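Naming follows writing order (A, B, C, D and E), and every chain is counted from residue 1.
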Amino acid sequence: MSAFIFTVVLGIIVLYLGFSKNKSILSPISAGGLVVSLVLSLKDWGHQSKYFHDMILIDNFSIAFNVSMIIITILIFLFALDYYETMENHVAELYALMIFGLTGTFLMTSFSNLIMLFLGIEILSIPLYILAGGKKYSYRSNEASFKYFIMGSFATAIFLFGIALVYGASATFYLPEIKTFIAQFNGHLPPMLLVGLLFIVIGVAFKIAAAPFHFWSPDVYEGAPTLVTAFMATVVKTAGFAAFYRLLGIGLLPLPVQIEKALWVMTFLTLLIGNLGALRQSNFKRLLAYSAIAHSGFLMLAVLSQHESSASVLLYYTFVYSLATIPLFIIFILAKRASDGLEEILIFRGLYKEKSWIAIFAIINLMSLAGIPPTSGFMAKYQVLFLAINKGILLTSIFAIVMAIIGVYYYFFVIREIFTERGQTTTKMEVTKLNAALIIICSIGVLATGIFMWQIPI
Amino acid sequence: MKDITSAIQIIPLEHYILLCVTLFSIGLLGILFRRNTIIILMSIELMLNSVNLLVAAFSAYHSDPAGQVFVFFIMIVAAAEVAVGLSILVMMKRNVDSVDINLLNRLKW
Amino acid sequence: MILLILLLIPFISGLAVAFFKGTQAARTFAVASAILNLVITIFVLVNPVSEGYSAEWIGFMNIQFNLATDGISLVMILLTNLLFPFVILAGWGRSQRNVPMLNSLILLTQAALNGVFMAQNAFLFYVFWELALIPVYFILLVWGGDDRKSITLRFFIYTLAGSLFLLFGIIYLYQLTPGSHTTDFSAFNQLQIPEQTQTWLFWILFVAFAIKMPVFPFHTWQPPTYKMASTQGAMILAGVMTKMGIYGALRFLFPIVPLGVQFWQPVVIILGLIGVIYASVIAFKHTNLKTMIAYSSMAHISLMAAAMFVANEYAVKGLLFQVMSHGITIAALFYLACLVKEKTGSTEFHQLGGLKNKAPIFAILFLIAVLGSIALPLTAGFVGEFLMIAGLFQQSFWYALFGGLTMILGAIYMLYAYQRVMLGGQKPVFEKVTDLNRLDYIILIPLLVLIIGLGVFPQPVFDMIKIAGSALTMAH
Amino acid sequence: MNLALLVPLLPLLGFLITGLGYKKLKHNQAGIIASMLVALSFIVSVTLFFILKSSGKDSATVTLFNWINIGSLNIPFAFLIDHLSLTMMMIVTGIGTLIHIYSIGYMHGDERVNSFFAQMNLFTFSMLLLVMGSNYLVLFIGWEGVGLCSYLLIGFWYKNPAYNYAARKAFIMNRIGDLGFILGILLLFFTFKSVTFSEVFQQAGALQTGSTTITLITLLLLVGALGKSAQIPLYTWLPDAMAGPTPVSALIHAATMVTAGIYMIARSSILYNLAPVTLEVIVVIGLATAIFAAIIGLKQNDIKKVLAYSTVSQLGYMFLALGLGAYSTAVFHVTTHAFFKALLFLGAGSVIHAMGGEQDIRKMGGLKSKLPVTYLTFLAATLAISGIPPFSGFFSKDMILSKAFEQNPMLYALALGGALITCFYMFRLLYLVFFGENRTANVHPHESPKVMTVPLMILAVLSTLGGFLNIPALLGGKLGFSSYLDSAVTSKSGEEMNHTTEMGLIALSLVLLAIVIYWAYNTFVKKAEVPAGDEVQLPAFQKAVANKFYVDELYRAVFEKPLASLSVFLFKKVESLILDPAVNNIGRGTAVLGALTRKLQRGNISFYLFAMVAGILLFIVFILII
Amino acid sequence: MVFLFYLLSAVMVISGLFVVFSRSPINSVLSLIVCFIAMAGHYILLNSQFLAVVHLIVYTGAIMVLFLFVIMLLNLNRATIPQKTSMTRVAAVVAGGLFFLVMVAATRLTFEIHPRYPFSSKIGLVSEVGKALFHEFLLPFEVSSVLFISAMIGAMIFGKKDKESLPQPPPKEGA
């Protein structure tokens, strides 16, 4: 809890630091502050504590996810130092917004009341709407922001409608009570309750970009400033799944069969659309957006397995996925700068020739996303498949595998571009030491977490 | 006053639900029907409010103050969203001099 | 421990060599490392180690890092470590881009292959299996020939597709194991899987191996890949990587899904035999040396696949022997094809001919390799093929007859290739062609001596296999 | 007995010396070394003959090492020295030595003479493995080895694509036979659990005569023999094999390699005796080949081709003998045939040498005076092959004919007909080459050097007197040769013909032969008819004969063409249109789906909202229905 | 009372439809205000005075005014935005109608909802709500401040004109 409070305060501090002319202190202070939050979070490890009339429940699950997200945010902030260097206005605000968004994610990982879930989602979403529109005079950023906003609000409405219906039936927002309430129906849930649950699930599914509620994600990923995209692809996704799992874990498990089946359909569609959509993509950010959708499909598989270690797997998966995504975004930005702001995949052309080491790290991370050993992406997929197969979900697992094959294609398509000769290099790619360090740390992390796979029992 | 307080006991809950569903559907229809962004925003407000009413009705039915509080929060969030939404809209108007939603189609495929 | 060393030497030197600056230094280092590994391998062969190496790896999934060898793996490891010095040597004196990186990738492949053949744990096996693929993919992608990008991608996706099904199978087996699950082969081997399950699980597991080998009709990635591959890439691919499929099938299918094997045995054998004839017949009309070698390789491998599924003693021993002999022969052939390409600038038959006039020794060595490939007695190829056909014969006369057709068909196209490349009158454009140089001798002579040597004295290899054919006896 | 190892090793040594040193050896060094080593080998063989004789044993086995030893499959690399193998060894090394020596002269000046001798030595080595092997597998090693050498030597002049084609054809046709052979060996192995001759033959008795297994084994082995010994239907390679240098034709394609099939069947006589069906098949094939090839020989104009067809035909006679169960007779004919056919080829070589490489008999003539030695030796050989007493051919052929008569007079008649045809075309050859006028103006033939003529003379002596090795009882002999082989070869004992009949038959054949010879003389010497040029239209039958009954064309149409088009079909249709696209189309189809999925993302919020609403609706309906 | 309920409901539905279908945004806003006022009536009917008041203040007083401001500020009223194509409109009506039908079907009370607590007319009163808010729901209440800060920052960032960056021409189509 102290971590949460500290983070909020940190956000406000950073906001006020915006009055200082020295922008370069923002990143270190934000990152440093988050390190403190990290420590504070870890302090609670091992205890299960409820706060404020069971509004939130801080347990190992939430701490683990919080820590994971804090680490990722720190990495993003460090990258932001370079990214926001040329930007003059509102830098502090952007940092603050991200920190506020992070606090929203904390709520999403630790709620035990639907109100907190709702607020958490909103606290995360509203900064994101703004962040997505961060490039004020860029049409694309505008569009991204607005699309995200409209669809997000719509999803919120649906989500709320769901909460209302569930509330109407059960007269409570408190998840454990809802769980007992559902249990009394012995699987024969009345339609109203079912629809209510479905709407709640859809609200969360929107956040994790599960098909068919994924439409915002490619457009927003593409239009948003890259740093924000990175934030969305990593922290937001992690938070979404944490919330998803928590919702199901403390509220809905065992899943009502109808909801479970609906989720199967969603998983299926998500895997399909994510992978197929990425297949012929030429814009790298969109590619990563679709890839994020595809990974959502895998993560949903883990959620749906309802295994005791599903949470751990989710944590591992989201963490290593984030770890692999961030360096890719960094490299993408570097390449984009070297090619006049193009965002196509082909800006990676000649990367191997120009900067072999960067290329190799890019490849490691792409392989991780593709799920090729010994990277952690493979280990993550392995665990997910294990959960699914253990549950006896054979056909869907095979389907997931087929989709993973398609996934390999588009990631390796990028790798192929990396090795393709470029006609003539216009601008030299410049890599700051910090960025290089970030790339290396993340890539090593990707490899290390793969080779020495861990699982935190949460 | 006594009459009023007993409304919830007289009027069946179904009717509230029906009303709210109707309003929600109208909001949804508005979102799908219009190209004017501002009206879409309004439709969303309508949807949120229908939820509010529904929760309030349930709250009254259950005699549970939590529902009332929840409505309150929804209002908060709606207000914040409207603020953000309208500012985005203003910015959009500034950039493209229109609020036609169909103009937002640069990002695709 | 020594097994771990076998794995670590190429791995560490592979990583190290990537940081080298000088071309020659990188090559020398790589060759030295490969030779060291060969020496250790021979040491292992001479003093068989009974105990493997085992360490805790991923605790919560109960996955150990355990290495061990038996007769089958020894053959494979010997082949791997035997070929790699030559593979690395094949790059000497040739202008290549980024030599340190190339040698690094080659050594990493070697490490991974050693890992595949030593792993006693299905998970470990799978990790190495994929690991072996990746450096090869890059070797092909960066150092390959024309049209490499789309071909390598296809090759990669194709093989990976198979592997992922294998992964599915491994996980499926994993969660079948009792207690705290494990992926040890020993645990897998003890599973009593219902027959119904085995029948479908068989294919899930087999597809990966079938693609890797490749078995008809999973072969279409192969000819273009071989054709496009750089010499070193082709040597690795055809020489060793195809054997991964065979090894995998022996390791997985027979002990774990014996009933599935029993059920599908005729189908796979027939597929293998179709492959033999199909590949051979297609090879007739091929006008490119490398593609022809590729199809010939496929024909041989198909026969090996058929023999594997016959699974009697002759077939399996012959198969393992053929693993050695085919590996060596095909590596030599690809190196020779590379020389042809270097000397003439083409591997298309219509542009070739009459090389014997200027390069008689080249022609002779080429012929020896060709003869090894068509299984002339007293070459290694004959022993393997004879035993495999014997194995097939024990099962059915017709299997043996169709399998044996490879003797005829192979002779038809390989001798045709020899004729088109080497024989015939002097072509004016080849006036400047020179005979082999010292490096070529260093590479070819040992390989060819092995081809003949193993043909004359095959028994040591059989003795090696005998050390532990236990994995197979378990299947029957 | 370990001396036996020297027999194959010496030629191997020669191969290694001449092969590895082929750049260093000058002039005739290679030839001399090669010849000496083969000669040494011959001497060793002869020594072995006496050693074996003095030891009183029938056979001896020399084991070199264990070749393959798996389960019950135990194949030692061992040599069996018995009467049959000794006979063959002596033929191989003896004739081999002569031909090697001859080659020194014949190949003199060829730039790749060292290679030539290396290959010849390698051949001798392989052939010795073949005849000495103590089991079927070692035999098979030699069997394939000689095939390889044959391939190499036929294509010795590799610059000529036609020669290379002929070489490949020979190899592949042999391989077809080899497949049958190896399957036979396998069936043998799985029947008897051994491939070693002695063990197999020991157990063979347990099998019932005419049982399916034994019939199948023998038939499969026979397929191998048909390929190697150029019998119908696998004979067409042999005439083409004449592309090689003439000594090669003499050694490989007349004297030794082609008789491997006969050797093998004779070696397996115990098995064949158990399979009467197979024997009948052999009789039919042998007789058919003998007559068929002889007929083709009538119309050939290439000196070597004539000899080639005659070889095929003679091999047919040997098969006939085998089929009649007269294995030792067959081997005897092998021996005499080795003498006179080697002589014929070497003589032909001498002629070709003299004519400056010309092989067309229509362009020769009148060489009698210019090449006296060649003429005389050639004449001796012609008389031998025609079966004129007392030349060697008479003895062997007559024995075959009488065996045929014992079996069935009809067989005898056909065989005799074949012999008459043989006689006719051989004399036609002789007359056309040596008699009459020289038909080419600007050639000045001269007798070959001594190094070539001396082997001719030796062979002539052998051809003339070789028959006395095996004098039949009729002439008061004791069939020395045949009885020598009896310990290794189990011939079927037929009813003895009475001497009167036999006498009559001989007389009949001699009369007929005389008529034929006269007819030939009349046609080619008196009338001095010269076969028409290639451009002249012949009557249908003659044309068919001249074109070898279109068998080559038939094979091309029935096997080569369909295989080639099958190859094209498989590649162009199956591989390129079905399998490859199948995979590619999966990829392409996925890509199309991907493009479609991409198109879903239209960029239009309204559309997205519609889609989401639709999704929600569907999900509601979905969960409410189930 | 019942009459009042149906009257208010009718007003809400009709004004709601006006919001959606009226051509001028101003009219929409006004209809929405009407709708919201009717809703406040509903809240009163439901005995939720606190909500009714807050609703009036927040929505009618703040949000709708904001809408009006924006419309007038940006001159949106006169900006003619073409209607969607008739196809789309039909589709929209169909989708909305279907949604309505499905939801009506889904929310039928097929089971008896038991009131959680015995009926009390007090729960909507400020005191009760206040107790709940500052007692049980203190955390969300505090947390929502973060939400507001974010929203404020957003409005500020977007609203403020920056001196440095001139409006860029919109990127080319399809870029």
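Note that a residue touches a chain if its C-beta (ideal position, glycine included) is under 8 Å from a C-beta of that chain, and two chains touch if they have at least 3 such contacts.
Since the structure is predicted, the reported quantities are computational estimates derived from the model, not experimental observations.
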item: Set of chains adjacent to chain C and to chain E; value: A, D
item: Chain of greatest Cα-centre distance to chain E; value: D
item: Nearest-to-centre chain - CA centroid comparison; value: C
item: Interchain centroid distance [CA atoms averaged], chain C/chain D, Å; value: 37
item: Distance between the centres, which are taken as Cα means, of chain B and chain A, whole angstrom; value: 28
item: Inter-centroid spacing, chain D versus chain B (mean Cα positions, whole Å); value: 98
item: Between chain C and chain A, distance of the C-alpha-averaged centres to the nearest whole Å; value: 42
item: Contacts with two or more other chains, residues of chain D listed in rising order; value: 587, 598, 601, 603, 605-606, 609-610, 613-614, 616, 620, 624
item: Chain E: positions in contact with at least two other chains; value: 84, 88, 91-92, 95, 99, 103, 105-109, 113, 115-116, 136-137, 140, 144, 147, 150-151, 154, 157-158, 167, 170-171
item: Sequence positions of chain C contacting 2 or more other chains; value: 157
item: All pairs of touching chains, each written as two labels joined by a dash; value: A-B, A-C, A-D, A-E, B-D, B-E, C-D, D-E
item: For the chain D and chain C complex, residues of the former touching the latter; value: 65-71, 73, 137, 140-141, 143-145, 148, 151, 155, 158-161, 164-165, 168, 171-172, 175-176, 178-179, 182-183, 186-187, 189-190, 563-564, 566-568, 570-571, 574-575, 579-580, 582-584, 587
item: In the complex, chain A residues that touch chain D; value: 146-147, 150-151, 154-155, 158, 191, 194-195, 198-199, 202, 212-213, 215-216, 218-219, 257-259, 261-262, 265-266, 272-273, 275-281, 406, 409
item: Touching residues on chain B, where the partner in the complex is chain E; value: 3-11, 13-15, 17-19, 21-30, 32-36, 38-39, 41-43, 45-46, 49, 52-53, 56-57, 59-66, 68-69, 71-73, 75-84, 86-91, 93-96, 98-100, 102, 106
item: Contact footprint of chain E on chain A as seen in their complex; value: 8, 11-12, 15, 51-53, 55-56, 88-90, 93, 96-97, 100-101, 103-104, 107, 115-116, 119, 122-123, 126-127, 129-130, 133-134, 136-140, 165, 168-169, 171-172, 190-192, 194-195
item: For the chain D and chain B complex, residues of the former touching the latter; value: 598-599, 601-606, 609-610, 613
